[in-house]
């Protein structure tokens, strides 16, 4: 079943077509990767999916429903969540509180109840805290729960964003370069995390440069260059596609990609 | 979690203790008067702190709401024949409504645009209050009849001390409740990253508006108390300097600190009283304080002290 | 017709002052992204200092010169002591610092001078000139001429001198400017100095018409900000156009509608611009990258 779909998406920034007639379809439970050279429009595409940008043309469909141009918070409430390339962590809050905010769309108390701290609020706080602890544990951050986010190292913050996004119990999780700035050990751990997320039934859309990670974890890969689709297919297909090799992977990249699955 | 619960209540108990024990040190009614003013301004500063310190917005025109509340308890009894307590509630409702209407467009702005827009709003209110002399008595203001509840007349420093202290405690309790709740977390998140908050399902515009309205109501009630206590109201209550004073209280005491609102109010109310020689230099000192803190001690007094002592967050 | 001309001229006159103050705003904003709310105080200081120096016996032209020098000194101190140490702070922090400075200067004026209204003698007498039934003060023409001269001088300075080009470069990209050897701190200090001078001169020119007092700066700063926003934050030409437009709007609405709410016009303009076209008449929009 197709859970996320783009049809003829296009957007321009100051005269430049950042995304030009891009169409793709992501099946539920898949790990779907979007790769391409810098400036290809990968993050722009994610921003279009998550409602941060409004497309000039084309449609976005989430679980069959047309959600084109809807605001991020509405999409979040429909089960779409994401992480950011440039960390958007709540630096003044603790790791636990960051993830608790992630749970927001599932919280059920109104502002009046919150002001009066009714028993329902107490119960909600406890539930949210529990869910947040669980998400932190999944990402190996249980020990950091009460540390202020600004004190955490970069790698931990990248995982914190994922934990936070997971706390919203999404159907679809968009990951924007989660391995950026991570060392090989951290990247390997990330592989396991992504696989586990997919195993739990969450559809993952991954934007990434690390070819080893992409090849190891993806069910399907969509290659973007200059805002247009270059190729799409399984790992082996994409890896050996001459256009992709020329535009993006190069000889070295192909070797990396081959080594990943070899 | 018991630790957090005690923590939440600890602040309230401390504030209540201060309010109850403080009068033991008062040799005369004058002290009650000053302390009452401190609690009244602390209430307004608390509301503004929710907006600026927690939600990360800015309002440099908040005295406008102070003015609406103050004139409500003057106009209500004088021109509309309403009892003072009803006028107070009416004023708070009106402030909330104005905040709702003005806030929707204004809160879409950020940074210095938001600052100047709110500044403009505050001055606009002051201009209206000065010009509509038929209702408001013009630049010289108008007298305010005392508050009467079931025949008892609330007048004098001692009753007003208890009224304002109690109201501040209620305001603080509500604020503490709000912070430790889904709405509170959402608001703190908005402060750090509106983008991320939105993407996690927070209706950013609505939450900002809610806090703006709440802070306006706090200011309105404080303004009403000010007018009822003083027996007189002038357009200065809504003026530019008042708004800056309120912002300075928040900055001074510490943005995002409940105790800080009280500390900031205390300093800016007490200082000119204590150093009467300072009276002519009030404006000058206010400017210096605002500059000094924004340059060197942006976090404010309470969070800075808490940081130094390695203590708990308030 | 006479009425129309009357309003036109008073609108132009006050608009010229707004234009100059807005120009000062723009200079500083372009150089260091700071909205200097104390800009209005330079105008006040120009007028008040001249008045008090003259009262102390200093000959008027010298008093005016000294007043401008004093304003420039204040502007430089503002930069060095208040803005520079807070480099890198958020926009709100910076504007609150400048508001603090404006309040401080207002308080300073209150104590150094007094709380009364003051005037200066007009340059060419107070006999109004009759044009088409309207009565125009000669000082109005002085203000208009003075504003025009300042705008042209500034324009030539920015466009044709090396320092002017350095200012443009700093405004475009501070880091790049530093990398090509421009001392950006001196440039920013210069922008503060020039905007203070412009403000002070505006104050000296207009005091014979509008009088001055210790608290004249606040409202002026707000209105000049409205003008700068109307014209497009960051555009010098926009600042001038915005200033004149605002002055006209004020004069005509005060004349034909209600003079009580004249001061409210500026705020309504601010709000209207912010909601309808935030980039102003000549400004360019910004795109945030996530």
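Should a chain be cited, it is by its letter among A, B and C, assigned in written order, with residues numbered from 1 in that chain.
The rule we apply is simple: a residue touches a chain if its C-beta (ideal position, glycine included) is under 8 Å from a C-beta of that chain, and two chains touch if they have at least 3 such contacts.
Here the structure is a predicted model, which means the values were calculated and not measured.
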{"item": "Middle chain, criterion being Cα centroid separation", "value": "B"}
{"item": "Chain of greatest Cα-centre distance to chain A", "value": "C"}
{"item": "Distance between the centres, which are taken as Cα means, of chain C and chain A, whole angstrom", "value": "49"}
{"item": "Whole-Å gap separating chain A and chain B, where each centre is the average of the chain's CA atoms", "value": "42"}
{"item": "Cα-centroid distance, chain B relative to chain C, in whole angstrom", "value": "32"}
{"item": "Shared interface positions of chain A, touching two or more other chains", "value": "52, 84, 88"}
{"item": "Chain C, residues touching no fewer than two other chains", "value": "290"}
{"item": "Chain B: positions in contact with at least two other chains", "value": "195"}
{"item": "Chain C - residues contacting chain B, complex", "value": "35, 82, 85-86, 89-97, 99-108, 110-111, 218-219, 222, 225-226, 229, 260-261, 263-264, 266-267, 270-271, 274-275, 278, 290"}
{"item": "In the complex, chain B residues that touch chain C", "value": "58, 60, 105-106, 108-109, 111-117, 119-121, 123-124, 127-128, 131, 195, 240-241, 244, 247-248, 251, 280-292, 294-296, 298"}
{"item": "Chain A residues within the chain B interface of the complex", "value": "50-52, 71-73, 76-77, 81-82, 84, 88-93, 97, 100-102, 104-105, 107, 109, 111, 113-117, 121, 124-125, 128-129, 164-165, 168"}
{"item": "In the complex, chain B residues that touch chain A", "value": "1, 174, 177-178, 180-186, 188-189, 191-193, 195-204, 210, 214"}
